[in-house]
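Across the two complexes that follow, subunit A remains constant while its partner is subunit B and subsequently subunit C.
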Partner chain A sequence: MSAKTAQSIVREKKNIRDYLASFFKWVLIIFFAVYTLFPLLWLFLTSLKTNAEYFDNPFSLPAVPQWQNYVNAFQQANLGRMISNSVIVAVTATVINVMIASMLSYCLSRFKFKGREIIFTFFSVGVLVPLNALMVPYFSIFSKMGLVDSLGALIILYAAIGLPISTFIIRGFMSSFPAEIEEAAYIDGSGFYGRFFKMILPLTKTGLVTAATFEFITCWNEFVYANLLTSSPVTKTIQIGIRYFTNQFTTDYVSMYAAIIISIAPSIIGYMLFQKQVISGLTSGAVKG
Partner chain B sequence: MGKIIKRIVALMVVLSMTMAIFAACGKSDVSQSTNSTSNSTTGKSASTEKVVITFPSIWVGTDGKAKVFGQMVDSFNKENESKIEVKIEEYTDYDAYEDKIRTTISTGNAPDIFTFKSSADLQLYSESGKLMDLTSYLADKEWSNKFAEGVIKTAQYKGKNFALPYENAVIAIMFNKKLLNSVGVSTVPTTYEELWKVCDALKAKKIFPTAQMTNKNAWTSMLWYSYALAAVGGPDVYEKGLDDPAFVEAAKIMQKMFTYTSPDALGADATVVNGHFFNERSAIYTNGSWILSRIKKEGVQGLYDNLAISAGLGYNGSKPGAYVNAVQAYIAAAKQDNPAKEEAIVKFLKYICDVDRVTELSNSSGSIFTIKSKITDQTEKLQATMIEQSTAAPYMIGTFESAMPTKVVTAFPPALEGLILGELTPEQFVAELKAANK
Partner chain C sequence: MEVKKHDIKNICIFILPGLALFTLFFIIPVGYVSITSFFEWNGITSPIFKGLYNYKDIFSDKVFWRSVKNNVLWAVVAGGVQVPLAMLMALILSKKPRGWQFFRTVYFLPQVISGIALAMLWAAMYNSEFGLINGLLRAVGLGEYATNWLGTVKTAFPCMLIYWVFYIGYYMVIMLADITNIDESYYEAAQIDGADGIRQHIHITIPLIKGSFQTCVTLAMIFGLRTFEQVYLLTNGGPANRTSVLVLYLYNQMKTNNYGGANASSVMLILTGACVILMIRGIFAKLNKE
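So, the complex of A and B:
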C-alpha cells in the first residue's frame, strides 16, 4: 500500500512537471506567435483606418472600417497591372535562376575538375556584394542592350543576382546525394542529361524549392532596380505601387498599408501552397553546407 | 491536392513565361515612347515629326501639385498636338527618384527634363557638362521677369544657369493659439526668451511644447536649427561657415528645445511630429507651406483656424522676423544635340512658368513658387500670411539642408542624436559636422 502511494506520488509529481512543461511551452509558443503576427495584424487594422485616426492613436481600432483604402490602392496605384508584372518577373526570373543554378551546382558538386572551388568561391562572394553599389554598371549594361524600361531587364537582372545564393543552397543538397546511386545509373546506361533531369533534379527537389522560395521573395520585394530600370506604367512592379502613396513631403499611410497587405497576399498564398517543401528544405538545408 | 498544386504551378510558369516573352516583344513600343534613358534626341513616330520630351516627375500620385501640374502638361500637349509631346514618368518615392536621376546622369542618359532639390546637386550636375545651358534663354526679359527678384542668380553655377529655380520652400513657425490660450498666453512669442517661458507654461500643463525628430533627415528639427542659426548668426551665417560660433550657439538652442519635446523624439520621423501637432498634443511646429492643406484635412477639427503663423524669433537682442526659405525644386534639362528638341524643351519650360498657371498650381497645392504668383481669393489664408510675412522679412536664409554640402547634411541627424543623448557637447556636435565635411 505504501509502495503504491509512493508510486502515485511520483506519478503525480511527474504529471505536475509535465503540466508545467506543457504550460511554459504554450506560453512560449503563444508569445512568439503574437510577436510574429502582431505587426501583420496591426498593419491590417491600420489599413482600415483613416489617416486622422492613425495619427491620433496608431494602436486604436478603426471606428468604421475604411475598405475604400483597398479600392484606392487598386484604382489609383493601378495595382492590378503591377501585380501581374511582378508575377511575370518573379516567376520567370525564379525559373531561369533555379534552372541555371541547378546546372551549375550539378557540375560543381558531382564533377572534380581544376578550378572547381575557385568557381564556387567566385559565385559565393557575390552574396557579399551590396547590390546598390552596382546601380551605375547595371544601368549602363541594360541601357546599351536597349532593355531599359522592359520587364526583360528585371527578369535577367533578378535571375542573375540570385545565382550566388541559389547555387550555394542547391550545391549543398546535391553534394549530399550519394554518388553510388548516380554511378549505378551510369552503369545502367543513363547519359549526362538523363542523370541530371531524371535523377538529380527530382531527388534534390527540396533544395530546388528552397532556392526558388528565396529567389521568388527577392524578386517580389526588390524595389531599387525595379525603380531604376522601369519608367512607364506598363512595366512597373508591385513594390513601386506600394510607394505610390508617398510623395516628397507627405504619405497617405492608410492607403499605403492597404497596398502592402495586397502585395504580401501572394507570398502568403505561395507559402501556404508550398509550406511542406519550404519547411523541409529550410530544416534539412540547415545541416548541409 | 498535390496534383492540383503541380498543375497550378505549371500553369503559372507557362503563363508568366509566355507573358514575359510577349512583354519583351512589346518592349519596343515602350522604349520608343520613353526615350529618356537613351541618347536619342527625338522620339519621332513613323508618320509625324513629333518631338517627344520625357519628364520623370515627382509631382504625381498623391502629391499636392499632381492634379494641376498634370492638367498643365495635358494642355501643353493639346496646344502642341502633332508637334511636341511631354511624357510624364511617375515617381513617388523621392529618395529613389534622386538615385535614378543621379544614375542616369552619371551614365550619360540624363532625362530630357527632371527636377532636383539641393544646391549641392545643382553644383554637381552643372559640373557634369550633361545639362542644357539655359542662360541665353533666360536673357529673354519676358521670361526672366516672371521670376522673383534675384532668384535666377541663386541658381547659377559659374555665372550660367543649368537649372531653373522653380518651387520655393517657405518655412514658417506655427503656434496653436487654442493651446497657448489654455495656459494663459495670448500673444505668440517673438524671441527665444519668450518662447522658453511659453514652453514652461505648456509643459506645466502636460502639453508638449514642441515635437522634435531625429530619424531620416530630421526634417523639422533641421528646420528649427535653421531658424536658430538665422536668429544667432544673421543672414550670412552659412557664408561664414561651420567655424562661426553661431553654429555652436544654435546647437545650444536645439539642446534646450529638446527638453521641451515629446518623449518619443529620439528616432522619431515626420509621422510622429505631425501626429502630435495635428492632434493638438504639441503646440508649436515648423514646416513649409505645403503642410497647410494636410493640416486642414487631417488635423483635428478647428486646428487650421487656430493657427498663428510666425516668422523667426529674436535671440539675445537680435531682431526677430527672419524667414527660412530655400529653393525646393530646380528644373533642369539634358543637353541636346537636336535644336528642335532643345527649342521644344524651352517652350515647355516657359509654359510652366506662366504666372496664371503657377498661381493656380500654388492655390491648389499650398506650395509657393519662385514665379511671382498672385494672392487670389483661392489662396489659403495662412499661405497668404506666409507670403506676406516672408516678403516683409528683414532677411531670409536657406534651410540648413539646402545651404550645406551633402556630407554635412547626412551627418546632421546622428550628430543631433549625440547632442540630445548628452554624448556630444554643442562644440563636439559642430565638430562632427565639420569632420563630415572633410
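So, the complex of A and C:
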C-alpha cells in the first residue's frame, strides 16, 4: 500500500510541475508573438483612421477605413519613384553580387592554388568589419569616380559589401558537390566555362537563391549609405523616402503611418511567399561562416 | 580538383572581379582610415600630418566617451539579454509545441523589416501625446507615468535599448536549426535514465549548441557596435547627447568636415569590434576547457 501512495504522490508532484512549466512556456510563446504583431497591427489600423480619430483615441478602430491616406502618402512623397529606385538598385546589385561571388566561389571550392587560404581568411575578417566605420573612404571613392548622388554608387557599393557573405554561402554549397562528377565531365571534354555554366551553376541553384535572397533584403533595407551617398529626389530609395516623412507630415500622422506600411508591405509579402528561402538566406551566412 | 595548366588563366579571370571589389571596398578603406586618422583634414585642402592629435582630440571629448559607453552597453544587452532570450525560445520551440512553425514565422518577421521602418514604428509607439504606450498607461489608470519617453534624459537610452531586445527571431532560428541537428538517440537515452524535459535541455541541448550560441553572441555584439539608424532617427543622439553612439559620433564629425576626427573614431570603432570578438573567443575557449 505504502509503495502505491508514494508513487501517486510522485505522479501528482510531477503533474503540478508539468502544468506550471507548460503555463510559463505558453506565457512566453504568446508574449513574444504579441510583442511582434501588436505594434504592427496597431500601426496598420491607425493608418486607416482620420487624424481626428487618431488624436481622439489611439485605440479606437477606424469608423470608415481611410484608404485615401495611402493615396496621399504615395502622391505627396513621390513614393512610386522611390520604390522603383529601390527595385533597380536591389535587383542590379544582387545580380552583380551573386555573379561575382559564384565565380569566386567556384575557384575557391573546386581548385587548389596558392593564395586560396589567404583570400578565404581575408573574407572571413571582412564579414566582421563594422562597415559603418568606413563612411569617409566610401564617400571619397565615389567622389573620385564622380558617382555621388547616383544609383550607380549604391549598386556598386551594395554588390561589394555583400561579397564576403555571398561567397561564404555559395562556396558552402559548391564544396558539398562531389568532385568526381566534375572530373568525369572534364574527361568527357567539357571545358572550364562549360562545367561552370552547364553543371556547377544549375546544380547549386539553392545556394545561389539563398545568397541572392540575403543580398536583396540587405539592399532593400539599407539606410546608412543610401543616406550618405544620395541627396536629390530622383536618387532617393524607399528607406530614405520614409525617413523624410518625419519632416513632411509633422501633423498628418496617419499618412506617415500609411507610408511606413507601404514601405514594409513588400518585405512582409515576400517573406510570406518565400519564407523558407528568406529564413535560410538570412541565417545561413552565420551558420556556414 | 587539381589545377590544369590551361585553367590558370580562367581561374585568374574568375577571381579578379571579386578580389578587385574586395580590395577597393575593404582593404583600401581600412588602410585609408588608419593612415588618415593621423592627419588633420577638412576634405578640401591637402591633409597635414598631426601624429596623435586627432586621437587626443576625441579622447578629450565627453561625447566620444558617452558614445563608447552607450555602444558597449548596447553590445552587452544584445549579447547578454537578447541572445539568451533567443536561446530560451529556441529550447521551447524545439519541443515542437502546437503551432511552433507559426510562432517561428512571427518571431522572425522583424528581421525582414528595415531598421528605419522599425524605428519609425517605435517612434509612433513612444510618442508622448498620441503614442500607444502612453495611451495604454492612461487606459489602465497609470497616466501619471506617461512621459516623453525619448525626450527625457532618464528614459531616452533605456527606451532605445528595450524595443529590439524582444526581437529574438534571428538568433532563435540559428540556434533552433542547430538543435534540430542533435541526434535523437541522446534524448532517448536520457529518457530511459528518467531525465525530464528541463534536465535534458541543461545536460544535452545547451552543451551541444554552445557553438551556435557563441556565433549568435558575436553577431549580436557586432551588430550592436554598428548601430546607427535607430539612434539617428529616434533621437539623433539627444537629449544632451545621452543616446549618442560611435557611428553617429563619426557621422557628425564627418558632417562638420572634421575628417581626421571622423577617421580616428572609425579606427576606434574597428578596434572595439576586434576587441569584442577576441574577448568572446577568450571567454568561450575558457568555458569549453572547464
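As a working rule, the second predicted complex is superposed on the first by the 202 of 289 C-alpha atoms of A that agree within 3 Å, B and C clash if a C-alpha of one lies under 4 Å from a C-alpha of the other, contacts with A are read in each partner's own complex, and residues count from 1 in each chain.
Just so we're on the same page, contacts are C-beta pairs under 8 Å (C-beta built on N, C-alpha and C of every residue); 3 or more make two chains touch, one makes a residue touch a chain.
Note that the structure is predicted; figures quoted are calculated from it, not measured.
Chemist: Regarding the shared-chain residue A:F120, is it in contact with subunit B (first), subunit C (second), both, or neither?
Modeler: neither
Chemist: Just subunit B (first), just subunit C (second), both, or neither: which does A:I260 touch?
Modeler: A:I260 contacts subunit C only, not subunit B.
Chemist: With both complexes overlaid on chain A, does A:T246 touch subunit B (first), subunit C (second), both or neither?
Modeler: both
Chemist: One more residue to check, A:F214. First (subunit B), second (subunit C), both or neither?
Modeler: Neither partner.
Chemist: Quick check on the superposed pair: does A:T167 touch subunit B, subunit C, both, or neither? Answer first, second, both or neither.
Modeler: second
Chemist: Answer with first, second, both or neither: which of subunit B and subunit C does A:F32 touch in the superposed model?
Modeler: second
Chemist: Of the two partners subunit B and subunit C, indicate the one touching more residues belonging to subunit A.
Modeler: C
Chemist: Name the contact category of A:V136: first (subunit B only), second (subunit C only), both, or neither.
Modeler: both
Chemist: Scan A:L43 for contacts with subunit B and subunit C and give back first, second, both or neither.
Modeler: In the superposed model, A:L43 contacts subunit C only, not subunit B.
Chemist: With both complexes superposed on chain A, which partner does A:Y225 reach: first (subunit B), second (subunit C), both or neither?
Modeler: Neither subunit B nor subunit C is touched by A:Y225.
Chemist: So which bits of subunit A does subunit B touch that subunit C touches too?
Modeler: 54-55, 58, 135-136, 139-140, 223-224, 227, 243, 245-246, 253
Chemist: Can you tell me which positions in subunit A touch subunit C when the two form their complex?
Modeler: Interface residues on the subunit A side: 14, 21, 25-26, 28-29, 32-33, 35-37, 39-40, 42-43, 46, 54-55, 57-59, 100-101, 103-104, 106-107, 110-113, 119, 122-123, 126, 128-141, 157, 159-161, 163-164, 167, 179, 182-183, 186, 192-193, 196, 217, 220-224, 227, 239, 242-243, 245-246, 253, 256-257, 260, 263-264, 267-268, 270-271, 275, 278-279, 282-283, 286-287.
Chemist: Which stretch or stretches of subunit B touch subunit A in the complex?
Modeler: Interface residues on subunit B, with respect to subunit A: 5, 8-9, 12-13, 16-17, 19-20, 23-24, 27, 30-31, 33-34, 36-38, 54, 56, 58, 61-64, 89-94, 96-97, 99-100, 103-104, 106-107, 109, 271, 274-275, 278-279, 288, 290-291, 294, 298-300.
Chemist: Under the definition above, what is the set of subunit C residues touching subunit A in their complex?
Modeler: 1-3, 6-7, 10-11, 14-15, 17-19, 21-22, 24-30, 32-33, 36, 88-89, 92-93, 97, 103, 105-117, 120-125, 129-132, 135, 139, 166-170, 173-174, 177-178, 196-198, 212, 215-216, 218-219, 222, 225-226, 228-229, 232-233, 247, 250-251, 254, 259, 262-263, 265-267, 269-270, 273, 277
Chemist: Flag every residue of subunit A that touches subunit B in the complex, lowest number first.
Modeler: 51-52, 54-56, 58, 76-77, 84-85, 87-89, 91-92, 95, 135-136, 139-140, 143, 146-152, 155, 223-224, 227-228, 231-235, 240, 243-253, 255, 273-274
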